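In the two assemblies presented below, subunit A is common to both, partnered first by subunit B and then by subunit C.
Moving on, here comes the complex of A and B:
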């Protein structure tokens, strides 16, 4: 079954991505806010650079999904000691780093285009950066600490999860920059923008699932090889 | 050791709780006694922290009264964080060199007590570092003596800041004993999760350096530090056992 699931998800994501390009750049107007009676409000239209929003925010959703998965699975792993949870946590951690990189880079490009600054210490940016840094630490531990690093990394993920509300309070209280919310709330999107946006989220969700399933299965395979190796050593075959 | 008959008279929970605190104190006292005999960490780490401050004063040569409130807090807390990282690594390396960590974990004391004792010992070392670094900054930077105009918030902030660092640091330094690349991985793990602590601590310090000092804001961030420490303490008590298991 798995042999078909991963390619299928990948193909869906790839076709969907091409389709989002069409949706975003052709179908969706450069956003114009319409008044109650459908009239165009002067000064409310966005610039062309708003197009990146459909990718930036969709990737940010996937980042938060991956971070949440890592935190949840790490807690479950420490509680149950079942290695299955650890495989998922590792996969989600690595994927979170990748999506986080996309979020930070697209965000930076958008910030430069919209505010003429590469970086602003604004709430969402700070949060994403700190989450991303914790996840990079997580992946570095998994990669370079060698055997026995699973529990250590899980502990890091738990601490990172606990730190999130503090980071949130910190950035809301300590934020002296003007509120730079360029995108507003995604729940208030309307019309074609809404369709394009949620279509993009769905596409990246398929991509996310394809990545996580393949990464989890490779982590399981690694574990099985390691266990077989140990058994062969014990049996004196190797 | 108390006579068992006396403990038997007490309600059971009291015995356990008293036992935990006493065991933790014993572990902390053991570490301090080792340290007081050689004074290795005390001398090297405080000197290192002083050097960090001196390097800062050379790399930021044009600090004047106007910007000291923006610069000095960063210097103070970076020096404390660096010194703490080095001290943590060295304190646990000592256990590894003597192969005594296992012995410590095998003692009848609960593991949580081992953790608490270690954290207290590290926090005391970092307090010694802060006691050197803060006056040095006041000496070197113009206008930084204002730090000591409100000693209570400064002391509480330093206490809570070092305690939080020591709590999270002890968990990960102990867990890193078993793995490779521990020297570089300790800060890689610690700094991202401790950024709220650093931000809050530097905010307090910066508030104290304003003219006039913004005490309301300082106490707000001190309470933030307190809650952060409490949350991290709870998590540490929960995960320590599963992280350092042999």
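Moving on, here comes the complex of A and C:
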């Protein structure tokens, strides 16, 4: 059963990606559409570059999920010292770096298309960059800091996790970046846009799960090999 | 070469002078007739406005139908995902190699332990342990 989980999730994600492409580029309109709530025009002034939104924001959600997983598992590891939590934290941390890179790069390209700027030093963008750098620091510490680095890295991961709620709410009306929260762009999506967006999020969730399960099993195998090697050395077999 | 330069100067000088003379005549006419000056400014502004409006329309059209950046963003996303999958795959391969190496070392060590302790076997055992 367990051996089929990763291929099954990957296949579901792959089918989802194809379907999302169809939904986003063929079914979803970019022109002005009348919103469900009164006379609010939703999607006004949306241009073709808005298509980046369906992947950029979905990746950002996965980034938050990965960072949350890293933070939660790091706290659990610090409390219980159970290596299983540490393996999940490491896996989620590496995946968060990947999703973070996608969010920053696609966001920057979208900014160039929409605002004619590659980067703006706004609160949310700057905090997102800092979060990504913290995650890169986490992975580097795990890889190069040697024995005992797990606890140090776990502390770093908890620090990074704290940044997530700030990033989500840290947008003021005067900022370039689209709004978040109850009156934000995601919450006010309507019709086909809403369907396409949440389908994209679901697809990326399957992709995220496939990656994390795969990476956790790899991290566990690495730990097992390391332990066996140490035991063999101690016993004088090797 | 020098002759050519002199020739060019001789041809261009009267033309520049003529241009200057026309400009002076125009300035004088504008100073003399305020209505004429107004008409000139109005025509110039209309031309400039039309040019600016055209530029804005072109820019708006470009933003509205900009496919280049959408393609770039998608390519970047897939590139990062592919890079991460390759990284995972390579790490998995490394792990497999490590397990195979460990198994080989273990078998060798067990075989060494099973052989009688002749001086040659002892030396080989020491060599294996050292490596």
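Following the convention adopted for this analysis, the second predicted complex is superposed on the first by the 200 of 238 C-alpha atoms of A that agree within 3 Å, B and C clash if a C-alpha of one lies under 4 Å from a C-alpha of the other, contacts with A are read in each partner's own complex, and residues count from 1 in each chain.
We adopt the following convention: a residue touches a chain if its C-beta (ideal position, glycine included) is under 8 Å from a C-beta of that chain, and two chains touch if they have at least 3 such contacts.
As the structure is a prediction and not an experimental result, all values here were calculated from the model.
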| item | value |
| --- | --- |
| Subunit B versus subunit C as contact partner of A:158, first or second or both or neither | first |
| Which of subunit B and subunit C A:213 touches, first, second, both or neither | neither |
| Touched partner set for A:137, first subunit B, second subunit C, both or neither | first |
| Touching partner for A:120 - first (subunit B), second (subunit C), both, neither | neither |
| First (subunit B), second (subunit C), both or neither touched by A:109 | second |
| Touching partner for A:195 - first (subunit B), second (subunit C), both, neither | neither |
| Contact residues of subunit A, present in both the subunit B and the subunit C interface | none |
| Footprint of subunit C on subunit A - complex, ascending | 47-49, 51-52, 55-56, 59, 94-95, 98, 101-102, 105-106, 109-110, 112-114, 207, 211, 214-215, 218, 221-222, 225, 228-229, 232, 237-238 |
| Parts of subunit C lying in touch with subunit A, wherever the complex brings them together | 63-70, 72-74, 76-77, 80-81, 83-84, 88, 91-92, 95, 98-99, 102, 105-106, 109-110, 129 |
| Subunit A to subunit B touching residues, read off their complex | 78, 81, 130, 133-134, 136-137, 140-141, 144-149, 151-152, 155-156, 158-160, 162-163, 166-167, 169-170, 173-174 |
| Complex contacts: residues of subunit B adjacent to subunit A | 168, 171-172, 175-176, 178-182, 185, 188-189, 192-193, 195-196, 199-200, 203, 220, 224, 227-228, 231-232, 235, 238-239, 242-243, 245 |
